[in-house]
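The structure appears right after this line, and notes come after that.
Naming follows writing order (A, B and C), and every chain is counted from residue 1.
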């Protein structure tokens, strides 16, 4: 049993790493915007809007990410829509992430006492203003702890794009491995690189959490 | 004409008729206190006035404007009616100053500098100027409620509704809030207060409104109400209160 | 087009049985290893506890796909022959055990410490205490996060496709290879089948939760991805 690793493989892996990072950051942010809208629609929307948002969330949470990826990658061209591989991947991952983030946001919004909304309305804010200036700022802070889970999950989920031929970190690793047959070594290095990213993300979010912290918010709602 | 006219308000929740035809009016500068047992619809009545709850039947008029009409801009009306909640409901993510400022900048569209000056003035009026940058969680209950009153005042309202403002406070903190409310009443603010604080009612109310079972059973000046109530239920209620509070209550 | 999918339904569902078998295998590995790691972390010596934490951290941070390939290709590289199915069960099972160890740990620690004091004070042995007092309560705390894990694992079984397991997704790809026009219908069929199975499974767990419900006993909600 010997461990052979050629450092000349690194630049190639780095190319894949860049795609992974871009996909992860992109889909979490896009998914966040869509997820927040879905959550607002679910909580504050009327009957139909709320129902539609709920359906979207259930469908995207209840089916495998890989199937969603393939549907977008192979299904769109079959329907005549041609997107670049990166955009297709980003779109699929974002739509998936949005469904999960919507649930996090919904939990946060619902845990903010209804008195906050009432107080907003009582000074004459419109419903939309109250959502924007009173509920959302609090919800964003409440959502930070579980949000780091989401970022890590999408980081791992992004590795699936290799299966639809979008070359990310794992994809590049596989390319090198199939030529050199050093599967174990390369995959271990790839695994370590993912772990390093997880560590960086966790630390980064902890710093952000500390910066935006407001005393009393997130412990008991008043 | 009256500042506030409440006409025949009805409200039903599932099986229960919470308000069954409540009518009264309020003139500018008057303070009226609504008392009665818990759960007799007093809070619901207040919420019907600024439409946080929509009544099933009845009308509310604020001077010329019909509040209950669907054509009225309810946000504009609400900015003219102050509301102080039992659980304060200060915006948890904003400092005391920002709590006052947000209504001024977002609803009244006043510029930031002017809004800040106004906010500081109102905070000073309730004695909270030293806590402008404190977050609600850093303030005691009494302090939070005073900021909440300042928040209502900052909007320069025509009248202020108080929904059991001291019921959620520890006993030793009630005094500071009542002092602010008494000063307000004496300065000529129009106030409609739901409370159990009989001492307050006695000293500043122009009229006591006694409610039970979703209806107004008796209305009258405090001097008469507390010493010689007309309705049998009023007398019974006052007896219970004096049992509870001893001499201090009545 | 959609009719041929309807006809191919049995073909697809046969593939689904493989996914279900994978699920059962993974859950089995996950529970046993997970319980072991959890006990190690709570009751073990501090070095063992550190190993347990490291174990959990590794398997939670590395993508499932990487784990699958690591086990399958890695072992094969060293001459150990392992079927794709077993590799999938092993890789995903170990990963699940890492998550489940955290669920069990949280649940056991959520049981009020007074419970064990009370058990000891009436003379129970440590083993009796664990089985008769702690675990029954911990079990009820686990159900909510556990149904998240179940859903997550079930969806991950499609990843076995990547190392050659002939499960439902691969069968769908066979259909598409024969007729490209079937692309969208085939994949939608897979999605729908999964959705039905996942919903049924969750409903079953909800029934279980209500059967085990004790008034006043709150199940701690662990905010986690499903």
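We take it that a contact is a pair of C-beta atoms (placed from the backbone, for glycine too) under 8 Å apart; a residue touches a chain by one contact, two chains touch by 3 or more.
All values reported here derive from a predicted model rather than from experimental measurement.
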Take each protein chain as a node, join two nodes whenever their chains touch, and name the resulting shape: line, ring, star, complete or other.
line
Pair of chains with maximal C-beta contact number
A-C
Chain closest to the assembly centre - both centres taken as Cα means
A
I'd like the Å distance between the centres of chain B and chain C, where a centre is the mean of that chain's Cα atoms.
55
Return the distance between the CA-based centres of chain A and chain C, expressed in whole Å.
21
Cα centroid separation between chain A and chain B, in whole Å?
45
Set of chain A residues in contact with two or more other chains:
none
Chain A to chain B touching residues, read off their complex
112-113, 115-116, 118-126, 129, 133-134, 137-138, 141, 214-217, 219, 221-222
Sites on chain C touched by chain A in the complex
57-58, 60-67, 69-70, 73-74, 76-78, 151, 155-156, 158-159, 161-162, 169, 176, 180-181, 183-184, 187-188, 190-191, 194-195, 198-199, 223-226
Within their complex, chain B touches chain A through residues 50, 52, 75-83, 85, 87-93, 102-103, 106-107, 135-138, 151-152, 155
Complex interface listing, chain A residues touching chain C:
1, 59, 61-68, 70-71, 74-75, 78-79, 100, 104, 107, 145-146, 149-150, 152-153, 155-157, 159-160, 162-163, 170, 174, 177, 181-184, 187-188, 190-191, 194-195, 198-199
